[in-house]
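Each of the next two complexes has subunit A plus one other chain: subunit B in the first, subunit C in the second.
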Partner chain A sequence: MKPAPFAYARPDDWPAALALLAEGARPVAGGQSLGPMLNLRLALPERVADLRHLPGYAGVTVQGETVRIGAGTTHAAIEDGAVPGRLGDILAGVARRIAYRPVRNRGTIGGSLAHADPAADWVAVLPALPGHAVALGPAGERRIPLAAFVLGVFETALRGDELLCAIELTALPAGTRFGHWKFCRKPGEFSKATACVLARPGAPPTAVLAALDAAPLVIADAAALLAEPAAEAARIAAALALDDPWRAALARTALRRAAEAAR
Partner chain B sequence: MTAPEGGGDAARDALSRSPRGVGAPLRRKEDARFLHGRGRYVGDIRPAGTLEVAFLRSPVAHARLLGVQKPANGLVFTAADLTEIAPIRANSALPGFRPSDQPALASGKLRHVGEPIAACVAASRAEAEDLAAACVLDYQALPAIADMLAARAPGSALIHEHWPDNAFLETRRDEDLADLDAIAAAKVRRRLRTARQSMAPLEGRGVLAEWDPRLEQLIVTTAAQMPHVTKTGLAECLGLDEGQVRVVAPDVGGGFGYKGILLPEELVCAALAMRLGRPVRWLEDRLEQLTANANCREHFYDVTAWADAKGKLLGVAVDATVDAGAYSAYPFSACLEAAQIGSIFPGPYVLPRFRFHTVSACTNKPPILPYRGVARTGVCYAMETTLDALARQLGISAQAIRAANLVPPTAMPYRNLVGKVFDSGDYPEALRRAVAAVDVAAVRARQAAGETVGFGLSVFCEQGAHGTSVYHGWGIPFVPGFEQAQARFTPDGVLELRVGLHSHGQGLETTLAQVAHEILGVDPARVRLVHGDTALTPYSTGTWGSRAMVMAGGAVAEACRLLGERALAIGAALLQAPVEGCSLRAGAIHHGEAQVTLDQVARTWFRSPQNLPANVDRGGLDVTAGYRPDPDTGTHSYAAHAVVARVDTETGNVTLEQYVIVEDGGVLVNPMIVDGQVLGGAAQGIGTALYEEMPFDTEAQPLAGTLADYLLPGATEVPDIRIEHMETPSPWTRFGQKGIGESGAIGPPGAIVNAINDALAPLGAEVLDLPATPARVLAALARAGRA
Partner chain C sequence: MKITLTVNGAAATVQVEPRTHLADLLRGELLLTGTHLGCEHGVCGACTVEVDGAPARSCLMHAGACDGASVCTIEGFGEDAVMAALREGFSAEHALQCGYCTPGMLVVARDIVLRLPDADEARVREELAGNLCRCTGYRGIVRAILGVLAARRGAAT
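Here is the complex of A and B:
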């Protein structure tokens, strides 16, 4: 379990990073997913480009209602309150349940989203939030709605010549309710079903059902689910026609429990 | 020095009760280095010029190996290159046993995924893996036997082609039980499975081999729990005499049985070191440990049991199959588990009639290796869940059916119908205390209110430290005899103990010092334990079978007693008093008010021999003594586990709310260390019960390659476990101590699944297979029409 030989580059600015990308380098952020893939020789890049020293890669900035989270912000920083307000509470609660602290100290929100593991926590939660993924390519920045960013298993809307540079979210009012439930038997185990429901005052509630070995299911208007969690969760889960009866039961339970927690 | 030899209450009553002697909760001497990260493991040892090995391993479970195309550059060795290594052969003398030849590197056939095919050697492990990745294999796939019950189906592919079928061994005890149908008040039949697991010590295997041209000796530093047996195996397979092989086992990060096994990788590294004249090292990684090597536990039981209206067992019939994998592992052999099932299935109970048939099935999986508890964990699971099924049918409690069948204390020592002899104990009292420690009424009240919560029990006994009389009949590569220990003073009066077994978590550096203190009164801080080096220690079969504290404890006590006699004679001479008027106490020889310390005695022997008496024992202050209990049929520690578990019927998830263990390990040499042993074992048993499983697909491909897929219970999954001790001395051991090292790992699956099934009983559901994962619990509910 040692990686095949690869070269290491450490770009100091974004153009250099994009140039490395164009030459076929594989970006690396916290290395918490790429590292194991290298060691298992599932990833065989000739070169990796370490993004962690790019200006503004980590950190949170607030402009009006927009909260910009640098892609390189670690799970631990979010857990520790890097994001202010009600949005920050919600994100901290999610971050706290990602693996255990040593993984959170290194793993990044951008790395997690770009990796697009269907079982990952940010992949399951961010699509429920109002906001965008900010991609940077040769032609500049591009904003992709979070609900449309993850397209499939390990598949995103990022183009091959783009880097994910930030997540931009809209601040949430104090009265926002949020329910989040995931099933894993121990910290650090991949979730077998994750659901979250977000209810903002004055906007239709949104929901996500994820960790089902597919792209997350985004429910743009989850009013019915909030009104009748049990029946709606059963209906939505049944429509997925999952083969494994246990995973089907978990999907149903996740959605119902998340909805109940958001009421 | 006054303690009697014979064990029992007298031995216990004679203990000094010194705060550093036998029975004291002394802090572990070895913890200073472990807790500061200063342990020294194979992975920490890398002499200059060391070459690292990566193994090219079989990607398929069953195939004819046609060829290996090596990369143009680099050192790659196949079986054809290393013909000096004879295959590993772990025979058994049990009638009908079919031996298998396990080649160090595969030749001709591939018999399991992960089987080593070629050794790739380079300056670093990463470069060695590059070489392995550059090899090209040519093979012709054969049908794989992925399941032990399918292994013997007519017409199935043969794994060892000169065998008539895929079985290492069958054993049976015939007894016609048909008449019980007519007289029994209850009869149940259960088909139960335990999963294939991979033992997961923190440290994997690792080996560093060097050839010392001066001594003309192969020095193998290896993560081993039985270094002398490893040495014998290495010498046999490499055609060396045993004087040419030295095995060093440095700090070892957990053994659990896995590190008693002679591995092909050890042989290959040794041969390469001799060929290349360079140190050669292989460090197992987690993928190799999980998928290629540390396999254990997989059993299938078909049990039928009959009981009368009070729950008294009338008879049991069991047909058991163990998936032994592709080869017979050295030294315990492929029949270790299955053949034991017949003798241990009755457990701690009085069983009047018994029929068994066992099969050690050969499959295309890695060889099954002994894991803490060995066959007992599966047997306890089968017996204890069957008892609860009977109790449910009879409408009596789990406690009542056990109380009706446990061997009573008045029957001790008790010989059961298959000849096992239980030495001592009050089994019903352990049961009573375990039940009393849990508020069962509260569980019943919650059940009545509709909660899916349950109460479960398991009771078992564990034979430990069994010796020659038990093992000679197995005819496996080793038979334990007299355990030896060497005790000697250094010139400044430090006591050095040398033992051939190994301490890798058992705390022997502390407990054997306590034994020495008990006999000689020396300060445990001034006792040094030398172990883990065949060049420095007397031969021993090593640390396994819960034997170390009984066997090495007895041997150290005897060596210290003899050493004390020699010291007494010298001390008496220094005191100018008759030996009969002197006594050894608290590290000094006393005569009336006068005394000389053992330090002074040691100094006299080594540095002032002019002061020695004329008739001094010329053996000096250096004694090797041997010990074996008589009889040596083994001690039986025993325990009752009580569990309260809650089941989430929507997800199938199980939460352990309460866990109680009432344990009797005889006289506890160090109760704190015993607690550690019991807790660690119980955590592993919880893994067996709820988490650990190496799944295989129909092609016998292992499916869990990392610890994200192979779930081990961690700190957040193990509940607070309450331990209560009983201390019934063994009548046969030096201080009345019993072997207890494996016990904790035996009880959990039975108790936990019984608690789950108690919770599910109102829903008509029952879990049968281990581990009781959420998916299996939900499937059980679905079978009952409840999910």
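Here is the complex of A and C:
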């Protein structure tokens, strides 16, 4: 329950952080996923690079329709309304159900997405939203569509020499409907099945089914699901051919309930 | 590594290995044994202290992250009026038995009282989900917090 020895570095600018990464340092942000992995010796880095003091790492900026959320923005800040407008309402509702407040006070949206736990909340919701993950590497910034960011269990589209520096989302009109369902037996526990459906005026509805022990299933056009939640949710969940009948039932039900709530 | 942090209002400089977490630093280096360790992976809440004004898991903050932080442990709340009310409430409602979970419970309880003045029983229970108690069954803890919330609402009107 105690970590193996490691060295600590605190870069204070992005080039220094990228240089540490190139030397093999493991990034750490809130430490709410890496911390347990260190204590349990599931992660054995020789050095960690603490990203929290990088300029602009935390905080939200709005430019026109684009809302840029610094990767170091905590779940608690989002819960407390750091993101404005309808988009902010939706994100605040999701954030409040992540873990527990003391974990949310330190855990970050970027750390969660980069970690790519299949049951994590941002992993299950961000792919439904219009926007990009902003990666920074030696060649500069690169934008990766959120729907294509998480590739598998603990696997993302980030390259080894890149850091996640922000999430850029498009503001949502007031009439946007959002349904979200997460199966946990206890608040704050990791989800057994999560689904969300986003229906914004003037664009096809989108949906995500996650916590599948695989990359989230992103449904780019969820019109049929919105029209017939029960039948479509059953069809989509059956097509996943999940081994456990209870998991299939939770997946199907989460998707149906999210769709019903988004109508 | 050598780090400097503020603990219960006083500056402390300690020489520790980077792998030392805040709870071990508090207990082992500063002899503040009121912070308890249960699971050491963020789940039980026993180690919860206030860091830079907000509750945090001291088992998940390794030394580097503590450099420059301001920490308040259970020992540091002696003069705090909300904590005084919670202590009375916990005592009156039998909200502890062995006391192992109590320091973390109190830090989270104080955050609930200050951040969510309108919290009802369901919300208090939701907010307490990250603090495990093996003794009390939670009823006394929930009642103590609801009592402090009600008294403060009464005082405000």
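The rule is simple: the second predicted complex is superposed on the first by the 263 of 263 C-alpha atoms of A that agree within 3 Å, B and C clash if a C-alpha of one lies under 4 Å from a C-alpha of the other, contacts with A are read in each partner's own complex, and residues count from 1 in each chain.
The criterion applied here is as follows: contacts are C-beta pairs under 8 Å (C-beta built on N, C-alpha and C of every residue); 3 or more make two chains touch, one makes a residue touch a chain.
Here the structure is a predicted model, which means the values were calculated and not measured.
**Q** After superposition on the shared chain, which partner residues are touched by A:L38: those of subunit B (first), subunit C (second), both, or neither?
**A** Only subunit C is touched by A:L38; subunit B is not.
**Q** Just subunit B (first), just subunit C (second), both, or neither: which does A:P187 touch?
**A** Both partners.
**Q** Please determine whether it is subunit B or subunit C that touches the greater number of subunit A residues.
**A** C
**Q** Just subunit B (first), just subunit C (second), both, or neither: which does A:A76 touch?
**A** second
**Q** Figure out whether A:M1 sits in contact with subunit B (first) or subunit C (second), or with both, or with neither.
**A** In the superposed model, A:M1 contacts both subunit B and subunit C.
**Q** Now for A:N105: first (subunit B), second (subunit C), both, or neither, which partner does it touch?
**A** Second partner only.
**Q** Please work out whether A:R10 is in contact with subunit B alone, subunit C alone, both, or neither, and reply first, second, both or neither.
**A** Only subunit C; A:R10 stays clear of subunit B.
**Q** Jot down the residues of subunit A that show up as touching in both complexes, subunit B in one and subunit C in the other.
**A** Common to the two interfaces on subunit A: residues 1-5, 36, 40, 186-188.
**Q** Which of the residues in subunit B end up touching subunit A in this complex?
**A** 124-126, 129-130, 133, 285-287, 650-653, 691, 705-706, 708, 711, 713-714, 716-717, 774-775, 778-779, 782, 787
**Q** Per the contact definition, I'd like the list of subunit A residues that touch subunit B in the complex.
**A** 1-5, 36, 40-41, 183, 185-190, 244-246, 249-250, 252-253
**Q** Quick check on the complex: what are the subunit A residues that touch subunit C?
**A** Subunit A reaches subunit C through residues 1-10, 28, 31-32, 35-36, 38-40, 48, 50, 52, 76, 99-103, 105-106, 186-188.
**Q** Touching subunit A in the complex: which residues of subunit C?
**A** Those residues of subunit C that touch subunit A are 1, 17-19, 21, 24, 40-42, 45, 48, 51, 54-57, 59-65, 67, 108, 111, 126-127, 129-131.
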